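Each structure below is given as structure tokens.
Paired with chain B in one complex and with chain C in the other, chain A is shared by the two complexes that follow.
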Partner chain A sequence: MVHALIDGVLTGSVYALMATGLTLIFGVMDIINVAQGIFVILGAYLSYTLQVHFGIDLFAGLLITIPIMFVVGIVIERIFLSRLKGPEKTAMSILVTYAISLVIEGLLNEIFTVNNVQLNASYVNKSFPLFGIYFPYIYLFGFVLAVVLLGSLYYMLYRTRFGASIRASLADQAAAALVGIDVKKVSTICFGIGIAVTAAGGMIFGATNAFNASTSYDLISRLLTIIVLGGMGSLAGALVAGILMVTLEDLVGVLWSPIWSTMSFFIVLVIVLSFRPQGLFGKQSARVA
Partner chain B sequence: MGAATLAATSVLALTSSSGASPKAHASLSPIKIGISLSLSGDFSADGLAYEQGYKLWAKDVNAAGGLLGHPVQLDIKSDASSPVQVVTNYKTLISVDHVNLTFGPFSTLLTLPATEAVQRYGYAMVEGAGGGPSVFQAKLPNVFDVTLPVAYDLAPFAKWVTSLPTASRPKSIYYVTSDDPFTQPVVDTAKSLIGSKIKQVGYTTFPAEATDWHSIADQVAQAKPDAVVLGSVDVPTVSAFMQAFEQAHYTPKVFIATAGPDQGKAFTSAVGAKNADGIMVPNSWYGQSSNPLSQKMVAEYIKQYGGTAAGVNADIAEAYSVGETMAAAVKATGGFSNAKIISYLHSGVTIPTVQGGVKFNSVGENLAQTAYTFQWQKGGTTFVQVNPVSDKNSVAVELPKNAWGK
Partner chain C sequence: MATTPRPLFARPVTWVWVVAALLTLTFPLYETNPAYQQIGVYTLIFTACATSWNMFSGYSGYVNLGAGVSYGTGAYTLAIIAKHLYPNNEQAGGELFWLILLSGLAAMIVAIPIGMIALRVRRHTFVVITIAIFFTFQLAAINFSFTGGTGGLFLPYIPWSASYFDIPFLYVAMAIVFFAITLSALVRRSRFGLQLLAIRDDEDRALGLGVQVAKVKLTGYVMSAFTIGMCGGLFAMLQGQIYPQFVFDPLFDISIALMCFFGGFGTLVGPIIGAVVLESGQQYLTVQYSNGSLYLILFGALFLFVILFMPQGIVVFVRQKAKQRNDRRIAAAAAVGGAQ
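What follows is the complex of A and B.
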């Protein structure tokens, strides 16, 4: 049980990292980015390319892939999402990001084929013993990476001038503009950040799972579930819900049966939403908690 | 909204595809064959391999003059691995696109609803990947699975492993399977055949939609069984178990998975050739088969797509066999009447295909084929038939499996 608990926390933090971008984008822009799953896979393929063709280590490669994904996010926001306005913006964002997702999936299938690949490095299949149980290094590294990146995001939001701009834009866009905040610019950068974190999440995911472009479908359903439970727009919610989801699934799998593991999370989701429709950490007026 | 329109147009372009174009049959109208395939979603790797197999067959048949002189045109729609979309696709193919014939989708999960849908229009559903018992238990008159029913897949393995001398026979076995209609019957049949001859130390079922197999694989590793029977539908599942086993410093002496290792290079490139060494998988076909029809198809495949015989995905042969079976039925009935084709395929005739003989019983099972077990050997560089032991093409099983990466 201890093994499942620790596994759940380590793996859940990586899901939380992937979901963070999704919830940040919704919190600031009211955009439900259903392409987040394919961006995770795109991030994984970028790491794969750097590793296989240039021999660059998976973690060192993040210094290249995170900026690339940031730029990809900026470009997509400028070309497609910045045009969405009006009361139907959120609903239309689902359609547009789904279309973006399918186009990227098609391109990845063309470039990399549908054959599954997996990221590899000397430490990926290695583990260390603790209390008689082996823990894989890659999950530990993924956990540390998630903590560092989520901590950095928190620092940016609450300790920097730009973070204050984000929170002000979120609270009231018109008032934020009146005090001189460039709300459009803030939205664009937020989308870039939301996509940039998928590079890290994708790398860890790709090192622990064989994947192809279609893997994004499984991912997006889990990521959406996490941010709904945590509260749409809440970074803290994404973190707690991500860890809760995987830990609960692992515990149910070990103590009862894996067949009920996924179901158990959805039961918790229904119960939580019955009492708190806005999710664990969601707020009506200000969504970034 | 112009951007959204542009994106949607791109989507349509990416998710639909036309079939192989006929060579030169100007005098007769083309025969349209409707197919729904998983070109995206969970089964996309298999779906795209099936697409290659169907297109390879269409190319060959057109080069040989088409079906009764009519050029063959494939009308392929993507179902995104969805049992709902597959029904919509076949309804559209028949009632809107007016296809003459239908070929099957990928997986038992999709074949059953697809077959029920086309039955309402009186169409025959010749398919190669709907071998799970649920397809045949429905007793549909129009389904014809050209591949051996999966329930029997592990029979040669069960016979071999239980007949090993006591000293080398695994002492314990763990069954772990997805609750997919393709995998669970295979594993359950193996379990009943092996019975108490090997001590069962675990049986775990996990949901087909699982994406994190690590904790499940850890449970298996902690039981330290000598043999593991994994009910898997794809490469990622097998890969995840292999990785978790290695991380847990556990190597089973015998490791067989129901699907995944049969995908040739797609498997070894994901898990690494050295790790693939010793992994076993049941199937009814492999790239180095001595069947002359198979050798011809494999040579054409390699000419078109490259690679080696060992790296050819078994899905290619299944799809190709579907085409061969339908072509034989069309030729024998002298037309494209689905009623006559259904009647002919139920007549007990044996049709030669790249997978071997095809002969259907009353519920559409092909019982003319033999189940084989294959194993990756020589550092994961060769994929060989290892049983039935009595078969002249079988080589000795590599036992026990080497440690991971060795």
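What follows is the complex of A and C.
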């Protein structure tokens, strides 16, 4: 029980980090990035490559992988997503990002094969006691990393001029453009940031789970349900729903049966949506189709 | 043929349909290789699925990325009923095909509550919810005992010889395709179809004009589930065994969507062209090279190309080009006429 709650907060924060990137991209660009799952796996494989072939520590490797993923995000936005326009933009964006994720999945299968791998380090296997229960250090480190990154993301959004222009684009793109914000540039950088957080999320995910390229399907379905539950485009929603999801799964797994644990969150999602179609923290959807 | 008095047969389009239908009906006569006949069955299954997917998603604009729910439900319904009919692994025969109707019915019944929940939200969220519901179903199929878990289910053995095996499947699949295309064409011309198209163009205005949007959307969604469910049942019979990841396959959802976008989203022929080109191409590549990841890369790249350069699909793209050429010809003729 206690174990479930602690694990929920520790692991949930990592999901919250990945989901924040997704919800940020949707809020600013009206793009649903279905490729977020495969980017997490790509981030995990980058960390894996740096560790196995160059002997770079997982956390130190983030200094390399985060900028790489940021650039990957910007390149993809410039080449593919910036071309999408018009009323069907969001539907198209799902298909485009799905296609991108298929290509990346194929490439990863070719390079790394379909065998599961897991990231390893001394702190992945060593444990520490908390309320009499032992947790591997990686959970704690992952939690701290997620909090630091989320903290700096929130600092940037709420305390800097650039953050203000992101939030303005989140609220109303047309109005933001009218007051002189370069919405295009903001969109590109937002996509970069949204992808860059997956490098960190992927590293922790890869250290706590065995993965291959097709793990991304499981990830993306979780991330999407998190942002739908939280309210699409809502940063606070992603945070709360991320932690809620993992806690709920763990609790149901402990109190009832592991068979129901993964499904419990989807059931909660369905119940919430029946009463609040816009999600927990979502704004009433604009009356524009 | 241009002089035929009846206007229906005066149109070249009619003859294209007739030739296509004849080529399909005689397929087992000129293609006797069982491997390629099986590709034909798959292509027909996907043609029916894409057509009925388009009948809801293409006409209403609500992109459903959880069509696999109906497909998998259909497949499991057939497998479970067959298991109870033949508890001691007796040999089965053509009578199994009747169960396909029950597959469609089960998919419809499952679609009603899903539609009631998922269609409450606007398009963007709808897409995401359909994905979420799809994975819930996949998990359910893995976790529950009556689905056989990860081991899946086996269907009764059908003792037909290999050279003959696929032919009944071909004709049953053709019947389903015929049903799907007829239904889609009828819907397109009906008042109901116009209501769906109105929702696609502007849902709020359609509501304001008195279209009962919730009812229309749900009806369309449930109707498309029926055909997709039947296809799932047929697929299960053809395979002889099913696994959760096999019939609840995320690639199925996206393939159907791609076929419709590739051919022409919201048009009648678009999904047919998309399904015939892409499914037969994919199956051929699999038979020839059997390399899954190469296929993923090719498929994704083709998808990107189509969406970015022909976002309305081949059918609309060709129509636009033809219209432009025609306009230019008229303009040129007018210029010549003006000069004289």
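Assume the second predicted complex is superposed on the first by the 283 of 289 C-alpha atoms of A that agree within 3 Å, B and C clash if a C-alpha of one lies under 4 Å from a C-alpha of the other, contacts with A are read in each partner's own complex, and residues count from 1 in each chain.
Assume a residue touches a chain if its C-beta (ideal position, glycine included) is under 8 Å from a C-beta of that chain, and two chains touch if they have at least 3 such contacts.
Just so we're clear, the structure is a prediction, and the values are computed from it rather than from any experiment.
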Judging by the criteria at the top, classify the pair chain B and chain C on chain A as clash or fit.
clash
Does the superposition put A:Y217 against chain B (first), chain C (second), both, or neither?
both
Identify the partner contact of A:V103: answer first if only chain B is touched, second if only chain C is, both if each is, neither if none is.
both
Return first, second, both or neither, reflecting whether A:D7 touches chain B, chain C, both chains, or no partner chain.
first
According to the stated criteria, A:N125 is in contact with first (chain B), second (chain C), both, or neither; which is it?
first
Is A:V228 touching anything from chain B or chain C once the two structures are fitted on A? First, second, both or neither.
second
By the touch definition at the top of the document, which applies to A:E77: first (chain B), second (chain C), both, or neither?
neither
In the superposed model, where does chain B crash into chain C, at 60-68, 132-140, 240-248 or 348-356?
132-140
Using the superposition on chain A as set up above, list the residues of chain A that contact both chain B and chain C.
80, 83, 92, 95-96, 99-100, 102-103, 105-106, 109, 217-218, 259, 262-263
Considering the complex alone, what residue numbers of chain A touch chain B?
3-4, 7-8, 11, 79-80, 83, 92, 95-96, 99-100, 102-103, 105-106, 109, 113-118, 120, 124-127, 134, 136, 139, 208-215, 217-219, 222, 246, 249-250, 253-254, 257-259, 261-263
As the complex stands, chain A meets chain C at residues 26, 30, 32, 34, 80, 83, 88, 90-92, 94-96, 98-103, 105-107, 109-110, 217-218, 220-221, 224-225, 227-228, 232, 259-260, 262-263, 266-267, 269-270, 273-274, 277-279, 285, 287, 289
Across the complex, what residues on chain B touch chain A?
1-4, 7-8, 10-11, 14-15, 40-42, 44-45, 47-48, 80-81, 179, 204-207, 209-212, 214-216, 218-219, 234-236, 239-240, 243, 246-249, 263, 265-266, 269-272, 404-405
Name, in rising order, each residue of chain C that touches chain A in their complex.
61, 63, 65, 117, 120-125, 127-129, 131-136, 139-140, 143, 202-204, 250, 254, 257-258, 261, 292-297, 299-301, 303-304, 307-308, 311
